[in-house]
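Naming follows writing order (A, B, C and D), and every chain is counted from residue 1.
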Amino acid sequence: MADSIGGALRLTLFGESHGAAVGAVLEGIAPGTPIDEEEIAAAMEKRRAKGAISTARKEPDVVKFLSGVYEGHATGTAITMVIENTNTKSGDYKKTGALLRPGHADYTAKVRYGGFADERGGGHFSGRLTAPLVAAGAICASMLRKKGVFIATRLASCAGVPDAGSWDFSREGIAACVQEVAEKAFPVIDYASGMAMEQAILAAAGQGDSVGGILETVVCGLPAGLGDPFFGSVESTLAALMFSVPAVKGIEFGAGFAFARKKGSEANDPWQMENGVMTAKTNHNGGINGGITNGMPLVMRTVVKPTPSIYREQDTVDWATGENAKLIIQGRHDPCIAHRAAAVQNAMTAFALADLAARRFGETWQEASIWNTV
Amino acid sequence: MADSIGGALRLTLFGESHGAAVGAVLEGIAPGTPIDEEEIAAAMEKRRAKGAISTARKEPDVVKFLSGVYEGHATGTAITMVIENTNTKSGDYKKTGALLRPGHADYTAKVRYGGFADERGGGHFSGRLTAPLVAAGAICASMLRKKGVFIATRLASCAGVPDAGSWDFSREGIAACVQEVAEKAFPVIDYASGMAMEQAILAAAGQGDSVGGILETVVCGLPAGLGDPFFGSVESTLAALMFSVPAVKGIEFGAGFAFARKKGSEANDPWQMENGVMTAKTNHNGGINGGITNGMPLVMRTVVKPTPSIYREQDTVDWATGENAKLIIQGRHDPCIAHRAAAVQNAMTAFALADLAARRFGETWQEASIWNTV
Amino acid sequence: MADSIGGALRLTLFGESHGAAVGAVLEGIAPGTPIDEEEIAAAMEKRRAKGAISTARKEPDVVKFLSGVYEGHATGTAITMVIENTNTKSGDYKKTGALLRPGHADYTAKVRYGGFADERGGGHFSGRLTAPLVAAGAICASMLRKKGVFIATRLASCAGVPDAGSWDFSREGIAACVQEVAEKAFPVIDYASGMAMEQAILAAAGQGDSVGGILETVVCGLPAGLGDPFFGSVESTLAALMFSVPAVKGIEFGAGFAFARKKGSEANDPWQMENGVMTAKTNHNGGINGGITNGMPLVMRTVVKPTPSIYREQDTVDWATGENAKLIIQGRHDPCIAHRAAAVQNAMTAFALADLAARRFGETWQEASIWNTV
Amino acid sequence: MADSIGGALRLTLFGESHGAAVGAVLEGIAPGTPIDEEEIAAAMEKRRAKGAISTARKEPDVVKFLSGVYEGHATGTAITMVIENTNTKSGDYKKTGALLRPGHADYTAKVRYGGFADERGGGHFSGRLTAPLVAAGAICASMLRKKGVFIATRLASCAGVPDAGSWDFSREGIAACVQEVAEKAFPVIDYASGMAMEQAILAAAGQGDSVGGILETVVCGLPAGLGDPFFGSVESTLAALMFSVPAVKGIEFGAGFAFARKKGSEANDPWQMENGVMTAKTNHNGGINGGITNGMPLVMRTVVKPTPSIYREQDTVDWATGENAKLIIQGRHDPCIAHRAAAVQNAMTAFALADLAARRFGETWQEASIWNTV
């Protein structure tokens, strides 16, 4: 089903950019799970458009719970979260209505929905739909954090500028490092690199252009044994969710595409027993073997393409007339969404991992003995 | 559910490498669909171990239908395909039984299944499980071919050697090109490149080592309008299946990770109307916008890591004693599986696309008017 | 997943009786499907509490669309319907808070949800949750009606009083008969029987007691060939939905439990060809053979138990103290819900049939040739 | 999906009566679960045709495991069970090939599968398909038995003859009573009643006719708290499975259809605390409130219609010519299947309950604390 995903947890996404609201239904959260609205608000804040490098459309993004939460806890039935659309200016979009924006879903939406989609502001394809994803993921992230599982995503590169910093993957340092990155307003490890990225984004924006980037997610504290071979693999589960995020066009785990240039002797991660703890000497497999977590940090990278909304004249077709045409996009658009997408990637990762745990251990997965093994 | 996947079609995979059989159940195939056992056999042949660059374990891989096929047609109920395991030598595996092979799923399998898995020959994690995937995919590929949809996968690079050839993406040439690549015994476009790859594989094998590669799949003839935004995206659907194939550690669509270095003005694909046909001037998005096919060729690349079974001494841990140990792997293993994986990737692509069509148009998707639009 | 149901269509139900709202998400409705808010309102009206025989809690039950509907048509993505809770008086419920009401879900809710459910007004177990079911079903019923499929439910008996009327099952008369019953404010065929039922309900209410009844649903215009043997049977699909309606404790198709006293020679429905039309001489199988519709009217009966909220003193246990106790229920309650449940049964039937059609023919099931065969 | 069912467990059924084999794939069984082939064989034996009251087609029904079982335990991946078809005589069926048997699925199969079904011996509609259901259910029943949950089904009536015996529902006696009934070769409580039923079956058979019956299932030892309100209700889950069994046309829980003649004051089950144990004074609700088990015995009844294969001349239509015709059925058929269906009902009940437990507590549901509460 196109609007829902998940195995034991289930997430249903709804809404259009300029409709009454966007929202999500989250099923499978155990009764009694604390729902911390401040944590959710903090995650929402990370996704929000801010400053010069983002769209001028800024929404308060207040998450309203219609069901499933009572006195600060999950009731055990469907949690419905709604974010009302308040700051909608459809006028700008109407101007370019019939001109199909290259790189966007305008053409495919028309074909897929036969002209019945609510196309205002991108409709159901809008990045605005990622707001409820962040809210749902924040609930899952909170559950995982209580079991010692921390998730962070950094911009490994943006606009061609790499993050010069690197993760502290030492057993002693990783948890603190991941939490520190998770707290950052602009998600990079090296501050100066972040400044350079912002400069590059602004430079592109100044030319009416846009840029993309690579997001790198690290999860620490995961026990070995989550996921399954083949269809229930950790990679399959995560990838299906990451490719649900608009603009993501690639994903890799561990060494990823660099495996193509490695020999087996360079790619394998030798096991070792250190003070009674099973670890791997290297982590080229990104914490996953045979589709199952192996207790090492999970490492995943995605690529976020440049925002297709640019202010330069583009060739396209006028849907109404079927004629070739020139398009100049109006309206408020992000010159880059990769940094905002970090919050979405964290959220989808948290949902995926909570779902993987719940598929095996049920809605009370937090009580499973697996968590004592890390 | 870990052993099944799909929306309107459903595929369930079962078996262990040294058990009675491996097999699959394929649900959702419309009654009356021709089941051409020769086509299936041809696809199986492409996946088979052959020559010096593959494992010495060679199985006839005869697909036996237990149900769902009658007088050469699908009956409309579950199709069960079984491939018996005949050539099993467990002795070699037993020698290294308790020593966890790096890069393999030995450790994660023990954690996940608590020691109850049938570990002989890799058990359920064995690449042998991909044989029934190929059989199931061949049925789907045959259905798609009748609608003018052709799928081929080439080794874009192997052991660091690139395929010097390139696809003919012209509107006139693509169908023939895709079909030609699909027929090849060794899946490259440029013959000399293929020879160089085989040399490189043999060279690595001679050193007791292994290599990986990058597989590039192209699908032509797909109409616009398949897939959905977010969770039902073409990318999500394909990625979940590709990451079900052992050793795949990355996937990208269109420009993929190269998007990170592009500006929006370089990344967007301008639309044009040519003789009444809607096309894009470029195809950086790999035939997909907003999760939905746009009528351009679908382009997807995956990375297949080097086979973890190498013949060099490796550090590891002895599961039985919990002590550090040295491992030297015995047995019959492929120095490279990337070329054999091309057949699996074709199969999973065919299943994914048939499933996407069936989700929208039902089991009689072949009759939908969408196919007249290409 | 407990809060969702369906195969190709999918329905997710959320809300609590005294929370912000109750609602549903309906997925899988084809883009362009007309959404007639008046039809939905008319179905909602049939379910509403009215007159002396119903609860004094009367809500306007205005369905608000948060997503998936634009300019009177389905967009093709998730349709979210919300009904706000406006007339909530929790005080009455609190008085009996810890005393477990016999026949209700008070005890099982406490066990299931560990005390975290929002128990006010029955919470998620409230009959109020059936309001969004009716709204979702009305959309499906409207789609079916356009294909000549009509659904009606009558009270076959209530409070022990049978409906003396009977359906006109003749080929010429059935469509009109079904539509006529569907229009009735009190769902019986014989007016005088309905008056007698209302009297019996009032008599029970006067004694602080409650009554139940038997609902009989007839569907005409269904083509042969919907449903599947075994798990996808029409009976399995309908039964799963009917038992989702609170207070339903039994279901039967065609002759149902009366089959136990029949011989095969009395139970079989002989086929005949009448003017080129295939029909059965009798309809003991209720329009279904082998789990698949056979073109005869679908006939289904359910039993609705007496409302457990009665005003007589009852024995029970005080959850807070674990002591035996006496309970006298306060608040506003229906002495009978069977007549109101007819609208819910119609809705669930419509959803089930639309889902069965969509499982086979996809979201564009209305275009399948099967509909021309009736 | 028509051929699969289940939430956390999943059961896929395949095969045709006269094809190579019938079988099932069972997913979600935790690794290490003992698979006792003798227990499975004992359950299969209960379903087998025996003596004068059953069909003359008698198969050994040996269950062969193709996957998922190793050294007597579940491996944790898909369990594939196959029963080969050995004793097939298609000749008898061919004689009546084009004549649609009344009460059977001949007509609906032709419409549904467009003539492509393997119709020999009833094909996929054959009662033979229930053999793998019994095998799969036996695995689940064994798991439940270890947690103190016992399941038995009796013929409450057959051929109009009621079982004069009754269950011992006392807290002390129920477990022994249920196990005793489960052991019986002919599933009745009162031996003389069983003899009378067999006489009535033989009498009907002597007239070339057939009979049906009512099956009553009792489950004891179930803890309170399994199931969910609405779509995941215990009743919905059980009913979907029971209506998957051919010939079942009705189901009721607790008082069932008799609720229609009860007042609320007669229907409610008052709670009481007895020596620290929560029980209900009556069990009209059959162990389920609000879709959730309440700790009382689960009581469920189904009706099994008379076997449609009778030896009397019947009116029907010749599918080949479209003409009215007379049919006299040949071949080997049961004059009654209700007694054999008891084993199938036990199996489907066991699967449903194990699935309900696994949906909430995951694949390791047997370790959940809920089982200590009974």
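Criterion: contacts are C-beta pairs under 8 Å (C-beta built on N, C-alpha and C of every residue); 3 or more make two chains touch, one makes a residue touch a chain.
Chain identities (UniProt): A, B, C, D = Chorismate synthase.
This structure is a prediction, so every number in the text was calculated from the model and none was measured.
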Chains touching both chain B (Chorismate synthase) and chain C (Chorismate synthase): A, D
Chain pair, C-D or A-C, that carries the greater number of C-beta contacts: C-D
Most distant chain from chain D (Chorismate synthase), judged by the mean position of its C-alpha atoms: A
Chain centre separation (chain A (Chorismate synthase), chain C (Chorismate synthase); CA means) in Å: 40
Between chain D (Chorismate synthase) and chain A (Chorismate synthase), distance of the C-alpha-averaged centres to the nearest whole Å: 46
Length of the line joining the C-alpha centres of chain C (Chorismate synthase) and chain D (Chorismate synthase), rounded to whole Å: 26
Shared interface positions of chain B (Chorismate synthase), touching two or more other chains: 1-4, 13, 77, 112, 124, 228-229, 359
Chain contact graph, described as a line, ring, star, complete graph or other shape: complete
Chain D (Chorismate synthase)-touching residues of chain C (Chorismate synthase), taken from the complex the two chains share: 1-5, 7, 11, 13, 100, 102-105, 107-109, 111-112, 124-125, 129, 157-158, 160, 204, 209-214, 224-225, 227-233, 235-237, 239-244, 246, 248-257, 259-273, 276, 278, 280-281, 285-286, 288-295, 303-310, 312, 314-317, 322-324, 359
Residues of chain A (Chorismate synthase) that touch chain C (Chorismate synthase) when the two form their complex: 1-4, 10, 12-16, 19-23, 25, 27-28, 31-32, 64-68, 70, 73-80, 82, 112-118, 123-124
Residues on chain A (Chorismate synthase) engaged by chain D (Chorismate synthase) in the complex (per definition of touch): 8, 77, 228-229, 358-365, 368
